[in-house]
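The structures considered in this document are given below.
Same chain, two partners: chain A is paired with chain B first, then with chain C.
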Partner chain A sequence: MITTSTFDSRPAYGGLSLDERAKSHLVVAEGDGASAVLDAFEDAPPSLARTTLLYAGPDGMAVRLAILGAAEFRRTSGRLDLMNRLDEVFATSKMGARLYVAGTESFIGEVIAKAATYGVVPQSVIAEQRGSLARRVQCVHCKHVDEEVTATPYACGGCGQSLFVRDHFSRRHAAFQGVRVDAEVPGEIPAAEELVQ
Partner chain B sequence: MSGGVEIPVVVSDIEQATPTVRRFRLTAASGQPLPHFAAGSHVVVMMESGERIIRNAYSLVDRAEDGSSYSIGVLKTRDSRGGSRFMHERVEVGSRLKISMPVNLFPVFAPGRRHLLVAGGIGVTPIYAMADELKRQGADYEIHYAVRDEAHGAFVGELRERHGDRLTLYRSDLSEVLAVREILPGQPFGTHLYVCGPQGMIDAVLEGGREAGWPKEHLHSEHFQAPPSGDPFSARLAKAGITCEVRSDQSLLEALEEAGVDAPFLCRGGACGQCEVAVVDADGELVHNDHYLSEDERSSGRKIMLCVSRLKGRELVLDL
Partner chain C sequence: MTLHFKKETFRDDYTFSNSPEAIRRFPFPFEKDEYMYSVNIEQHMPGPQKSAFEFPIDIDEHYVAEMEDRAKVLAQDPGRCQSLPHMITAEWDLLELLMESMSKHYPEHFQLTRDGDDWRWVNKPLGVDQRFVFGDVSTLPYPPMEYITRQCQGDFALLDQRLDNLWMDAGVITAQADWSLDFDIGMNFMEWHAPVPLAKDMGIFERALKFLMNLQQGRPVRRLNWTMTINPRLDTSPENYDKWGVERTTVTPENVGNKVHLRVELQAMWRLPRSNAIVFSIRAYMIKMEELVTVPKWGRRFHRVLRDVKPELAEYKGLTRYRQMTVDWLSKHDDGAPTSPGFAPD
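Coming up: the complex of A and B.
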């Protein structure tokens, strides 16, 4: 379940835990998110019989998920393929299904943003962050989106300006906001710091 | 004052919708358009009954297209503490009242893929406004409305005319039961449910929703309750140095207001949280009647909602 940190828009992820009252489970994971799915569902065979599992990631993890025993398992060729498949799943699913998502923050954000277009309340999505802590950041100046941003400030891939990564998270873009760091004093750029959490 | 802006209105029309429900049209005394409101909003109506001011929250049914008026539906209850009886017996066309700005604690979740509107009895008033709003937006919605019989169903004719097949009526005189487990299955992912009616109905619908596996974030409800009566007690305001007596037939908030204290409030029904006050000391047991405080907050004994909760004991000391 998602809770909110002191920075209002900064999501925090409570971790995957089974909603025992759900009639079915829609589980989507990418990369290292597979391990969170294994942790939460491995000992829940009755629930797995009502689970649809979608995964984008490496062979080893895909094999472990495939033998987990979900009623339906599909490995997609990548995130884009998974997102397209998700449209079909959301379009045909019924209430009573609970959505779970595990992976990087950018992946979680993208899945929740898609679910929201179907009327799903973001706070109802059970999510767990696994894998890289890198962020997806949108430059507020040129609107370019950089993936895998690990330090602040960093150079925008679009306009080249040095951007400070704010904790301000856009649910619609599933991205943090990057703001020019030397707007006050052009050229005064602080040393980059690693983004941890 | 603490409830915010007061808008003077004149009662311009009264319609006997059912034997026990009247619809009042409230027209702005200033002639200026009344504020727009989103469906699910309510206003607090202030009635000067002579010896005291009665304040009751009522859901807004509609706003005239030109913005000149709102309408509200008022049920005459047998155990009325004065508000609904005043509206039914003392208010006539031409009467002057004051209302608060609209406040919305029961909004429609606009991105919802489908909306199930569930009403019981007088709980139809916000549902009426929601159905109108959803129809205007071209959204997908259903109305499920439980009434005693056709004559006691407020606005049934209008709802049928406006919403046709989207309305399902459940008449208890025909033994028709609104069973939540029958309307929940098969609803598309992203559907939202809204329920307004008696507390027992709300509880059953919300529990039915969770039983059907719906996340609680997709289940919305609103229940205004009149402040429950109870034993009289004293309220002392630690900062202001005022002590006042709370009679058994009035709420703590009403007693403070009668003593001239400008206490915080908004919904006056235990829902919004505006009137939360810290408890300094309680010589007795707090009786929490609100829907706002968490279990932990209740058991801590450190907080109370002035509008509906009270003390079973001698003296309550508040941080006011």
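Coming up: the complex of A and C.
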């Protein structure tokens, strides 16, 4: 379950754990997220019989997930492919399925945002962050969303302005907020710092 | 009361200013010589005649110009007005609240006639005469919240109450102090307040939320908040910060009096009858330093408040670049005399 630390808009992802009451399980993972899926599902064969598993990531991990024994396993070629596949699954999925996500914060955010468009309540998603600390950031000026932002400030992929990444998070956009860093003194752009938490 | 509406702008040539009467009724927010966050919520009771608190919804000399500015913002950025689908009942509630209040207190300017669900709304200053069916969206040129807030001063947010929290699920926000409705929509009370410094550690938001969850219909409440703005710009949105941010560097010792504005938000909260939602109105008042110091008590007091305000607050409110220059300018209007308690001029 995702909780929000009481005074922060940034969600804290609690970690994958099996919801025994769910009728079925939809598990999506990217990259290092695979290890979280293995930790949570390895000893749960009965539940695996009701599990759909989608993965984008390297061969080694993909093989380990494939032999896990999920009712349906699909390895996709990358995030875009995975997201398209997810659309198909949501379009046909039944009530009572529990959604699990594992990967970077940016990946989790994108999946939750997509799920929300199918009526999945963001707070109901079970998620675990693994891998890089990259963020998904929305430019407040042009509204472009950049994935995998690792430093602040960074250049917006939409309007090109240098954006400072604020510690303010919107579940609906599943994104942090980027604000022009040199609006007051154009050209005064501080050195980029890695986003470390 | 017949109002005279000024022709003025809140952008480009910035011709906005306050008449002497508007200065006298300015909702000066400091009751002491110092300021810190607090749970400053009180009943939204009728205040003294001619004050900004006389009526629940305050319409003043800037009404027509502010509505023109809102129309410009919405034309450029429709995302400033958003409403999630389950908020439609709250939208109608808001329309009723505003039409009832405006027509009751300013009958020379606004008239509402109700015959069952057949309503007629007349807004003389904006030249509107609209018949519509209450509850039937197709009979208005805009959805109800947008329709009425294009004709009412102040920004508005509609909060849905569920899961022991308030959720900002609709709003019209065109004159905000640097926060984004498009980003915040769908957030709960704790989430949208996350950027505010210090207040969270003081337990302010927990107490405020608890209080608001029990807000009763017919017993609105209000609070004042303040910040500062360079030039009388209403649209200090983060969306356009890349355009207006640079104005913060244009302050010089010579132009402080004219450029630097105290910006006060009169925030009122009502429980709505049909939807059980809460309306949060944010009515902004601006006053330039030259106008402020025409009330000697305000000049003295604001000098002391601004001089001593905590750095975290100054940084959050975006005052850092011009604070010292403004304090220096105001110091010439502070003779050190004691100030009387309370907001009012001496």
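Convention: the second predicted complex is superposed on the first by the 170 of 197 C-alpha atoms of A that agree within 3 Å, B and C clash if a C-alpha of one lies under 4 Å from a C-alpha of the other, contacts with A are read in each partner's own complex, and residues count from 1 in each chain.
The criterion applied here is as follows: a residue touches a chain if its C-beta (ideal position, glycine included) is under 8 Å from a C-beta of that chain, and two chains touch if they have at least 3 such contacts.
Quick caveat: nothing in here was measured; it's all calculated off a predicted structure.
In the superposition on chain A, A:143 contacts chain C only, with no contact to chain B. When the two structures are aligned on the shared chain, A:19 is found in touch with chain B, with no touch to chain C.
Of the two partner chains placed around the shared chain by superposition, chain C is the only one that A:179 touches, whereas chain B remains out of contact. When the two complexes are overlaid on their common chain A, residue A:94 makes contact with chain B while staying clear of chain C. Once the two complexes are overlaid on the shared chain, A:84 sits clear of chain B and of chain C alike.
Contacts of A:166 after superposition: chain C is touched, whereas chain B is not reached. Within the complex formed with chain B, the residues of chain A that make contact are 19, 21-24, 90, 93-98, 115-121, 123-124. Interface of chain B with chain A (complex): residues 109, 111-114, 184-192, 210-218. Against chain A, the residues of chain C that register as touching in their complex are 79, 180, 182-187, 190-195, 200, 205, 238-246, 248-249, 321. Within the complex formed with chain C, the chain A residues making contact are 4, 6-10, 138, 140-141, 143, 161, 166-173, 177, 179-180, 183-186.
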